[in-house]
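The data blocks that follow each hold one structure.
Two complexes, one shared chain (chain A), two partners (chain B, chain C).
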Partner chain A sequence: MEYKKLAIVGELGAGKTQLVSTLSEISPFETEVESTIDIGKQFTTVGIDYGRIRLDEQTALGLYGVPGQERYSFLWEMVSKSIWGLVILFKYAEHADMANLDHLLSFFEPGQRKTPCVIALSHIENAGAEQVEDLVEEIQTVLKAHQLVAPVIEVDNRAKDSAINLLYTLTAISQY
Partner chain B sequence: MSTTNVDIDDNAGLLDAIQSLCADHREITLISLCTLDGFSIKSFATKEMGMEADKVAAIASSLCAISNSSSIQFTEEEFDITIIESKGGNTLFCRTNYRGTDCVVTISARTKLSLAQARFVLRRFSDVVADLP
Partner chain C sequence: MPEHRLKAVLYISDPVKAKGTGLMPRELPEIYQKSRRNNAANGISGLLSFTSNQYIQLIEGKVKDVDRLFDKIQADSRHTNVQVLAETNISKRYLEAHALKLVSSMPRYPAIRAFIRDHSEFVVKLSQSQQALLGIKRPSRRDSYAGTRLRLERWPDFKRIRQTPSVIEFCAHLASGVRSYDDMTRRMTPETRSITNRLLTLFDEMGILIVDTLDDKTPLVATQVNRDGFYQKMKMFLAKR
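For the complex of A and B:
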């Protein structure tokens, strides 16, 4: 069995644990704790969430969810080694944290390392179409600065079809 | 940068407890109290250690969360203490409660402080923190 690694990194409240849980075929290893700040939900990831999904009979994908805040960068180092793909979960908010996205791209260097990368927008049900367009444009500007061509797609972390669509996209990118 | 809602300014009692522990055990190189979600409340580190408080807090919260999930998977019980042993010293983590908030205590000490002593010191300190008004 070939084993591949997918890193799922995202800011506070973006839905990393939910995405790992939705995709995983095994009971996921979760490291959520109660948040002491208002992030729109009760729990937040502070360690590595782990799950696994079979891509085909010969290939399994390990799902590693890690916090996106810079102070957890020691965890990025742990998961960044020999990753097959990278999902950056981006939570829709009025004031999107582009600096953090920039920082993540600088660290993981998906362009230079030729790592298939997808920017997944979560919680967009809180936004209008125009706001989503503006956000995508802002994200594309950051991607361009990193000379990275990566799809920016909407995801519902709770919906299996939506989460699987992310994997299809990554698989498609990896073939080019 | 995000900050915790826990009151981290009015903590004279905590500071006294840390100072007292350091005075009693010169082998201690690091003491940290942070929230379970990785925000530093108070920390002390020797100059030689030179660790940033927010990084210590992030590491402590991660290790505790991983330890707890591992413990539940393996023994169906919550974790008690996590110990990292090295030639340079030992680092211990345990949970406590500070003014109604679940927290993590981290103590790092040179090997002159035996593991048994370090465990005892950690336990006692976490009890002191939990009893602070």
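For the complex of A and C:
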């Protein structure tokens, strides 16, 4: 059995649960609880979201949605073993959490370990063009500090085509 | 000196040794956020970049405001080795709308190109590495890429180009290392080569394509393609979607 992992790492409310659910071929296993702070939705993930894509009888890609906050880095350890790809999911906010992105990239080291990596921007439909540009530049500044050339792509976590496009991009990168 | 006179200071500095686990200076987000607020309150506009492990900043505003801010900057313990690249009176602001804009690459930003064009007298005093930071030696868009080495500095903004499978494949190839244009296009049909040239021109216009001539010393990385079983199975899965 060949089994690899796609880590979908993101901050609170970025849409990890939805993205895993959109991509998964099995009913995703979620560990959600009622949120104690206002993040615009009632429930949030405290552990991992798990889903799976079966490629053939012997091969599968596990989908692991894990929180991006540093206090959950023990979960990063778990998903970093047999990792095939890394999606860092950002929801639109006024600014990117650059320090946390720096920390995530230092942990997963996608450049050094040749792990295909995509930065996905969600919930940006309400942002203006200049706000999105500022957000992208903040992200690119951190990528550049890591000498990582990775795509920054808008994603609609609910749309199958948009989610599949992330997989397509990761697959294209994985051959190099 | 009249109150309304404007000036600009362009400088570089080194971050203090990072104590965190990351590669970015821990102080950068704080510098960026606080400076945005302070600049807005003091009528300063600015452009900040962290690249090649150096800060580069252009600040502009009324003479007394810029002088006061630059005194503070020089005394700030969050960076060291402050070197002024240009200090000049200006007749107009180049960054009118921005209290402080963070950019990942100075050369990509039109305001810095305009500032350099209008104040080119300082360029001759810069070292080669300083000129490279500002993109002064960056080759301009060309008609032919024959005999060049190519590399994507960053992936394109997919608002400006359609995110088709072939564009994604091409970007993945060019982002993964320095590529020889001649090797890349040798076996292409005229039609495919024409499409490739159009894409390269567009990337060049976006300021994301690094173009070097073949006599440069950048080593060429042989294209190592790893289309293993897992890759093939992913491709088959995606083809059905």
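Just so we're on the same page, the second predicted complex is superposed on the first by the 169 of 176 C-alpha atoms of A that agree within 3 Å, B and C clash if a C-alpha of one lies under 4 Å from a C-alpha of the other, contacts with A are read in each partner's own complex, and residues count from 1 in each chain.
In the analysis below, a residue touches a chain if its C-beta (ideal position, glycine included) is under 8 Å from a C-beta of that chain, and two chains touch if they have at least 3 such contacts.
This is a predicted model, so every value here is computed, not measured.
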Which of chain B and chain C A:Ser82 touches, first, second, both or neither: neither
Which of chain B and chain C A:Ile153 touches, first, second, both or neither: second
Partner touching more residues of chain A, whether chain B or chain C: C
First (chain B), second (chain C), both or neither touched by A:Tyr168: second
Set intersection of chain A contacts, chain C complex versus chain B complex: none
Of all residues in chain B, those that touch chain A in their complex: 2-6, 35-39, 54-55, 57-59, 61-66, 68-70, 73, 101-102
Complex contacts: residues of chain A adjacent to chain B: 12, 29-37, 44, 46-48, 69, 71-72, 74-75
Footprint of chain C on chain A - complex, ascending: 2, 4, 53, 55-56, 59, 61, 84, 95, 97-99, 102-103, 105-107, 134, 136-138, 140-146, 149-154, 160, 164-165, 167-169, 171-176
Residues of chain C defined as touching chain A within the complex: 20-24, 26, 28-29, 32-33, 49-51, 53, 101-105, 152-155, 157-158, 163, 165, 168-169, 171-173, 175-177, 223-227, 229-231, 233-238, 241
